[in-house]
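Next up, some structures in structure tokens.
You will see chain A twice below: alongside chain B first, and alongside chain C after that.
== the complex of A and B ==
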């Protein structure tokens, strides 16, 4: 068992707003091993984006509040890191790409300046001028260019960086930054990177901007990349292109990724493990193949059944009766019981079910008392 | 074009002439938006030229006489001294000191026989310095405080308390019309140029705080700010590079337009009579002193008024153009419009 990269333990996140306290994330626990791609899937408002933003502590606090839980990134509790030290964890440790590529690049700067900023931050950390809190991981030799097994992590730079301690003249430094930036643009399959470097964000298409965001995130060589619905704002063709790119990149530079999406198909394609969220709770977690073929939670089952691509029959698409509970007034016990076909009286009693290992399949966990019976559902 | 310009600049140009030519090419290429915007926007060009001329004239008027006097060869930049009493023509037993504009006295003379053109020109450095000093100081103070108040305002933190204090103090100042407050302060401090400047200085910055804070609040929740934070950029760097750079545009535009407004307010205070002493040449002062004779001797009032007007218009036009230059979108659009027209006229240069 390798040392886990990220462990999230009993993490709860509330939003305190005028109308009351909203429990956006409730007692979520999971772990990401080095080199694994973990997907989180769930419908709108189930707390998956909140979870993604909470890991590098990007949530505005207040209104967000983290009453309990731990986020251990390589053994360091991020919730205990003082605020002023947070920039040292972000970027080179945990990097993030966002939902809206349209506005994620600063409109006032050329692509080069934005990429250079990221590269410069990484370089400062590497040369020890601005110490990062997360030290670089064990190197992995990518010169052999073989596809690494899960567990090996990208830490060996894609490119050699500036030798430690050497000081460069500004013009030379700019040239070096330019070289780095070009290399990363090529990495995300941008044709004619020379021209792109001189353009402003508004001159690029959405897909192009998202590629540049990915290049920026990767140029910092993060141990963990969080992708918060990176393709949701793109149209379907561009979405496919970006996903193909990300899939290739995953093979090429086996960095750990937390991939957030509402699209079951996307997750199936990208992720090794998948977590299913419902109303702030992680209801099921396990290897993708297993969760998709043998769901052990009624919600997962219903979610898979409602996937239009899988539906071959006539008539209306099967849907789940009822609606998502109000996050400020969650039902007692299991949050899913009002909509669940398997619900029994004990499901209503607090505390609700916790994630328990499923017997017979390692790594697969579900939060249902009657997980054995899920297979009997339609 | 950009890459080409850069290679030309860094490349083989060895002789000074070749380097100068390369610099000229770089200047005309798309990299320098300023040049293109000026050419594409005639009104901005007018504003820019006027501002340059006005500033140059002010500099000459302020700098040349003292230097030449020190060197022993005094040179006046104005045709007559601002307070020189010229001999008045006598017709019969009456003297006519107030002469209409003539070849000798372009803007005429006033009732004491002083040359109005000389006085208008002599007032230029003072008025311009006041405009820039007050607007610049307000931008520095108000802009700085506005950035702080807008950026660190998360409830329950020290920053929020600071932000709240700044904004409430601002509200106190904004509760009075700034002109009335400035008048009150000027009246308390006593008559004179310096008290008058101080009075406006003290009342001018709250508007900048309001403007800056509002802009910061709008920009700091943009996804690119969150993205920068996620990339590990420090808060100060985010504040200046990502937030400040994106609110610079409205601030600079407001500043250039404000230079004119300051002049008007300063003139108003002088006009009411608690500003500059009457012997100091200042536009507002002149308008106020000669205002009573508007119908009989209009030139005494019209020309100082025109000076205020032209200065204000020049800065406003320039400010309008600066918005285009600071915004990469319109800058690039203008540059491309320009490039397409020139490309149609001249055959395209081979790619380097």
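== the complex of A and C ==
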């Protein structure tokens, strides 16, 4: 069993706003092993984006509040890292791609400046010239760990080969930055990267910008890449291109990825493991093949059943009765019980079901008392 | 239209051409107002003990017996060829203004530097601490500047703060400092050029109080605008992108976020130039600053029509050029802007 790269334990996130406290994420636990791609799927408002932003502590606090839980990244609890040290974890440790490429590149700077900034930070940290996650964070001694170390993903990346001489060059000069930037633009299959480097974001298409975002995130060689719905804002053909690219990059780079999406098909395509979220709770987690073929939670089952691709022309699309509960007044016990066909009186009693391993399939966990009966649902 | 140098030249040229109708407008309006408000200025110009014949002589000399339209036409004709006339006492207008205007420019630039160096970072601090006590302190500071009448701010600085800090309160330089030539009529620059460093220190000391007064009452707009646009920019994804690169908070705020917020701040600073010039008159009077504001004040109170119109022309040029510069800086800051 490899040392996990990221362990999220009982993480809860609230939003304190005028109207009350919204429990956006409630007692979520999961782990990401080095080199794995973990997908989180769920409908709009289920807390998956909040979860993604909470891991690198990107949520504005307040209004967000993290009352309990642990985020262990490479063994250190990110929730205990002081605020001013967070930049040292970001970038080379955790990098992120956002939903809307229109807004995610700074309109005032050329592509080169933005890309070079990321490359420069990584180079300075690699050479130990500036503090940063890889060598300098306290509380985690990599040398004493047994192999495989979580840090191996960072230390031995299968990124495009950098010439030995340049790798050792101590000075971070402009030419070297340019070389690296070009390399990463080529990595994301951008034609004519020399020209692209001199352009401003507004001169590029959405798909282009998202590729540059991906290049920028990867150029830091992060141990963990968080992709928060990276294709949702793109139109469908570009979406397919970017997904294909990401899939190819996953094969090439084998960095760990947390992939957030509302699209079951995309997750099936990209991820090794999948977590299903409903109303802030992680209701099921397991290997993609397992979860998709033998869902052990009624919500997952209903979600899969609602996939329109399976229904071509015969009758109305299947739907789930009821609606998502208000996050400030969650139903007691299992949050899904008001809409569940399997609901029994004990489902209403707090504290509700927790994620438990499913017998007979390792790594597969579900938060349902009656997971055995899910298969009998239509 | 694009962003090439040619486009920029065309843009600047076009904007400078719009200056002509603006100038014609202000000259016309000022001319009409001065001549209608004071139909017979010769009574004043000739002094209290003037005889009827001297007054008559004065009226004839100044064409005041002709219809106002004829007066206007002949005045405009002289204005265009550079004959700006003289004050009633015979001091030519244009040289006086050319000596006073740089002094004002120096004062305004000093105030602008204060507004930018203090006002904008205050806005950033307020925005990054929005809703917390630091935000409230900053708001109290800029709102009190905004709400303070110019004369009050200037008087408090002159009477209380000046003596407390031992700063000079009057004029642009001390006459006891070894004199230096004044080719630019800007004390700091002149002293620098003359390599007279005690003169530089002296000139800067003289600048501090009036420039602070000017900056204090006008800073609010820069701080508030910066705070507002920072609050708009901070939730943007590209700020998150910058954070996720591992950049320290300082550079996220002052490089990635502020660069985009400045676009609107610069525009607002450009448009407040008119306001700055109007507060300038009061401040120059209180601090006895030998600038255009004092000159305009004196010209108006002494029925010096030629001087009044001349000062107004320079004020108008100042406002238009300030806006042009603001638009230029806007274009430099925002690469999406095309010169048009």
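Note that in this section the second predicted complex is superposed on the first by the 339 of 378 C-alpha atoms of A that agree within 3 Å, B and C clash if a C-alpha of one lies under 4 Å from a C-alpha of the other, contacts with A are read in each partner's own complex, and residues count from 1 in each chain.
The working rule: a residue touches a chain if its C-beta (ideal position, glycine included) is under 8 Å from a C-beta of that chain, and two chains touch if they have at least 3 such contacts.
Small disclaimer: the values here were computed from a predicted structure and weren't measured.
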Joint occupancy of chain A by chain B and chain C, clash or fit
clash
With both complexes overlaid on chain A, does A:118 touch chain B (first), chain C (second), both or neither?
both
When the two structures are overlaid on chain A, which partner does A:235 contact: first (chain B), second (chain C), both, or neither?
neither
Examine A:90 and indicate which partner it touches, taking first as chain B and second as chain C; both and neither are also allowed.
both
Who does A:198 touch here: chain B (first), chain C (second), both, or neither?
first
Under the stated touch criterion, which partner chain does A:104 make contact with: chain B (first), chain C (second), both, or neither?
both
So, A:58: does it touch chain B (first), chain C (second), both, or neither?
both
Shared contact residues on chain A, chain B side and chain C side combined as an intersection?
56, 58, 60, 84, 87-96, 98-100, 103-109, 117-118, 121, 132, 200, 202, 213, 216-217, 220
Within the complex, chain A is touched by chain C residues 235-238, 240-249, 256, 259-260, 333-336
So in the complex, the part of chain B that touches chain A is made up of which residues?
2-3, 10, 154-156, 222-224, 226-235, 241-242, 245-246, 328-329, 332
Residues of chain A defined as touching chain B within the complex
56, 58, 60-62, 84, 87-96, 98-100, 103-109, 117-118, 121, 132, 171, 194-195, 198, 200, 202-203, 213, 216-217, 220
Could you list, by residue number, the parts of chain A that touch chain C in their complex?
53, 56, 58, 60, 84, 87-96, 98-100, 103-110, 117-118, 121, 125, 132, 200, 202, 213, 216-217, 220
